[in-house]
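The letters A, B, C and D name the chains in turn, as written, and every chain counts its residues from 1.
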Amino acid sequence: MTEQKSYPTALGAASRESITLLGTDLAADVMGEVGFGELAFWLATQRRPDRGEVRVFEAVLAALADHGYTPTAIVTRLTYLSAPDSVQGAIAAGLLGGGSRFLGVTEDVGNFLHEVLAEAGAVPADDAGFDELALRTVTAQRAEGRFVPGLGHHVHKDGDPRTPRLMQIAREEGKFGPHLALFEAIGRVHPQVLGKTLPLNGAGVCGAALADLGLPLALLRGFALLARTAGLIGQLAEEMRHPVGNDIFLSVDLDNRSVPPDPIEPS
Amino acid sequence: MTEQKSYPTALGAASRESITLLGTDLAADVMGEVGFGELAFWLATQRRPDRGEVRVFEAVLAALADHGYTPTAIVTRLTYLSAPDSVQGAIAAGLLGGGSRFLGVTEDVGNFLHEVLAEAGAVPADDAGFDELALRTVTAQRAEGRFVPGLGHHVHKDGDPRTPRLMQIAREEGKFGPHLALFEAIGRVHPQVLGKTLPLNGAGVCGAALADLGLPLALLRGFALLARTAGLIGQLAEEMRHPVGNDIFLSVDLDNRSVPPDPIEPS
Amino acid sequence: MTEQKSYPTALGAASRESITLLGTDLAADVMGEVGFGELAFWLATQRRPDRGEVRVFEAVLAALADHGYTPTAIVTRLTYLSAPDSVQGAIAAGLLGGGSRFLGVTEDVGNFLHEVLAEAGAVPADDAGFDELALRTVTAQRAEGRFVPGLGHHVHKDGDPRTPRLMQIAREEGKFGPHLALFEAIGRVHPQVLGKTLPLNGAGVCGAALADLGLPLALLRGFALLARTAGLIGQLAEEMRHPVGNDIFLSVDLDNRSVPPDPIEPS
Amino acid sequence: MTEQKSYPTALGAASRESITLLGTDLAADVMGEVGFGELAFWLATQRRPDRGEVRVFEAVLAALADHGYTPTAIVTRLTYLSAPDSVQGAIAAGLLGGGSRFLGVTEDVGNFLHEVLAEAGAVPADDAGFDELALRTVTAQRAEGRFVPGLGHHVHKDGDPRTPRLMQIAREEGKFGPHLALFEAIGRVHPQVLGKTLPLNGAGVCGAALADLGLPLALLRGFALLARTAGLIGQLAEEMRHPVGNDIFLSVDLDNRSVPPDPIEPS
């Protein structure tokens, strides 16, 4: 006979009379008292954020919530078209596109800046110090033929409007830390190395801001997915009232032009 | 030659210089200005909610975010154990459990109350009117051998603490509408029909509150999923620091006791 | 202290020396001896099928494996485009479109025929008997304003080539049972009720054939998903060598035409 | 005005009269003629395999189909418990556990052997040549502190019965190529480097066999997922008749022991 293990958690717990979440009375002290962005932060860190942290965090979520007809949005609409009985399937399918490529820049930037700062040891004392670290970093990346994560945007070639705005909000709230400072310095110094000026990507700056908030780096992709869940619900709501999914499907399947197989021969 | 269709959307749109969301300048007027719950409401309805609507909506999200070791939470932890390379897969897998059974009561209650009110035609003028409608409704359900959605809870047998709290918040914000009123009346009158007193379910009252906010009924499950996404990120964050997934797996696979097949014979 | 439960299963089991599957030695008696269609049937029913059952079952899987640019195929390609690090995510996303609408006809037909036969009690003795039952059934459906599942196809208006072929295979193998017979009879008699001739849908006849094989009705959708998994791997393989996902994405996001929000006003 | 693109594919195509799959008449020449394993191979490579290739391929699928209460199986059962309305969701959720860890060894071995052979240039002429290459490889891995993929198994410590069996089948069919030969050689020589004898993993040998069949390396995980789809349908079928999902859920949620939050403090 083996004893049944128990699995402790600090998240939701319920007894006959009460419900607690993170050790707090859910009904009395969470519902009606805690905003949803604040709650998501609290759940991820098991620490209740202050108002400035919430404002920066929610600004990031706003920046990432919806970008129109991304692959994730199209996927949610097509899955709903094909399986209208399962809202959870349509949302889950959309989120599955939230991987290394389309949502990846947020976590790539957060991780990259974190590693650079960790290797540098001491945090630079001022802008000049950050510029020096940034210059070394961009130069090293270039020497190894690697991109600098978060540098460049395929649409906003003259500047991503989200980037200065998020930096401003972080400054207003006293949450402008070394990750944002280093990212900003990269924006200042990279032209002297690369010979051209690239914009600081708005999804990338979100990674820097989340890292400055002390959020777990392994979950940066998770926060992008949380933001996107709200966006995908918006996409579904619009699809229900003004459907385009079937038109998209038909435009792809338009002529169903068949080409001969292209066999992979055994080597 | 077929002309390429275009697919209009009121959600995210970007030009070289600017990004709009719902016709609003994302950087200037959404980031830093709009909370995440508020944004999710806005995306779903394309209408910016007032403060009272946001407070009720966020109270609902708090009520549904995490209930400890639900099947969805276990699924997210086990999927992360098995495929740690894909945070999006772990979250999507958890959300796929958000179907008719565990998250269903929210949408069931919203839809049920909406149908009863639609059939009744005029909205009752006062509590007595709601009691009468509730009495007719519970009596009819019973006569047909059907449950009343939202009545009963397997743990909170003497009352779900979320229910009175959400009603209180809705009242404070002037958002206590006919769905909540009818649900409350069902709570008052059902003992005289059923001969016993059942609690009004806290996930059920969320459906009533969302319906009173005018949110699309077809998306009530979607809002529960949004809340749960924040909860699942919390579960993942805890799993990363204090893993239990492998212990859960091993407890199920403990003895791998094999039983003989139980064949389905052809009829 | 609570004793740990154990969870018996007749499926895979392993000890230090051996592995069994369905009580059979996996290495010696399954690998190299059992085809994949046969194994899938065996796993679902815990009964090893005979050769005729395997041939009919695999014909069904072939009929359902891939239909070109269906929503599920597009979804898999777009998800791979967006998250190339997760093959499992791309396949899972595609399968999530396998719901009530695009894959639904297979299970709808199986369930419908099963109910009609169950209500009829005795299985008709000959074609005339099936015609009579079919006539009653189509007439009743029409009277209630309901479609007959499996009748009609948006492309193969003069006949779906899969339907007679699957019936022929089932006959050759002695697996042409009452579900196929009733479906065939519906094909014969419906014109006198509906006043026009509709084709018997090829995905629908698959449901009839699976029901005649005695497979669990609740899993008919599952077999369609199994077939489609092979198809989606084919789609992924083609996408990896001749990618079209980015072109599809760009064609949808072509002009990103933004329209004003269409608010849902509170009622 | 932009012209609508067209998206050619060699997979499924349909006209009013006919359906082709891979340029072949589906009804006449695929249904009833092509087994499901054969079809899956054909779809992935656009090349029809010979009988020996099919036998090896199906032996691999059998080896990977189901391993009892794996995390993927538990996830499918719990998702079905929680959302019984969505069979596709339960299967998709299970597949999402098919990532780098539990299904990863198949693709890891295939890729590893492929790289070693590519670097070696010429394929060794005989066992002695393979032993030499294997020795160099194991020694190099050890020197870099890295594992050799496919070496070791947590249950079958004295040998995984699938490994010699799959090698035997491949030999019988004339499909024992350099990947299997190198893997076998690793099994012979590693004790002299590592000082202990480890089993060749049965999921690993599958990767070697698939690579010898010339299947795309980027899709090795996909074939494991195809095999597992059949297994998950078996798990669902068993769960529907002999449910254990709720007991598993309750065993985890047994005492819902709440521990105090463990906050992540800002750095």
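Rule of thumb we're sticking to: contacts are C-beta pairs under 8 Å (C-beta built on N, C-alpha and C of every residue); 3 or more make two chains touch, one makes a residue touch a chain.
Bear in mind that the values here come from a model prediction, so they are computed numbers and not experimental data.
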{"item": "Contact-richer chain pair [C-D vs B-C]", "value": "C-D"}
{"item": "Of all other chains, the one whose Cα centre sits farthest from subunit B", "value": "D"}
{"item": "Subunit B-subunit D separation of Cα centroids, rounded to whole Å", "value": "37"}
{"item": "Computed distance of Cα centres, subunit C from subunit B, in Å", "value": "31"}
{"item": "Geometric centre distance via CA averages, subunit D-subunit C, whole Å", "value": "24"}
{"item": "Contacts with two or more other chains, residues of subunit D listed in rising order", "value": "2, 4-5, 7-10, 13-14, 45-46, 68-69, 83, 85-86, 88-89, 92-93, 96-99, 103, 216, 242, 248, 251-252, 254, 256, 258, 262"}
{"item": "In the complex, subunit A residues that touch subunit C", "value": "1-5, 68-72, 74-75, 78-79, 81-86, 89-90, 92-93, 96-102, 241-242, 245, 248-249, 251-253, 256, 258, 262"}
{"item": "In the complex with subunit C, residue positions of subunit B that touch it", "value": "4, 6-10, 13-14, 20, 22-23, 45-47, 53, 83, 85-86, 88-89, 92, 96, 213-216, 251-252, 254-267"}
{"item": "For the subunit B and subunit A complex, residues of the former touching the latter", "value": "2, 4-5, 7-19, 21, 25-28, 30-32, 34-37, 39-40, 43-46, 55, 57-59, 61-63, 65-69, 73, 86-89, 91-93, 95-99, 103, 155-158, 161-162, 164-166, 168-169, 172, 202, 216, 218-219, 221-223, 225-227, 229-231, 233-238, 240, 242, 244, 247-248, 251, 254"}
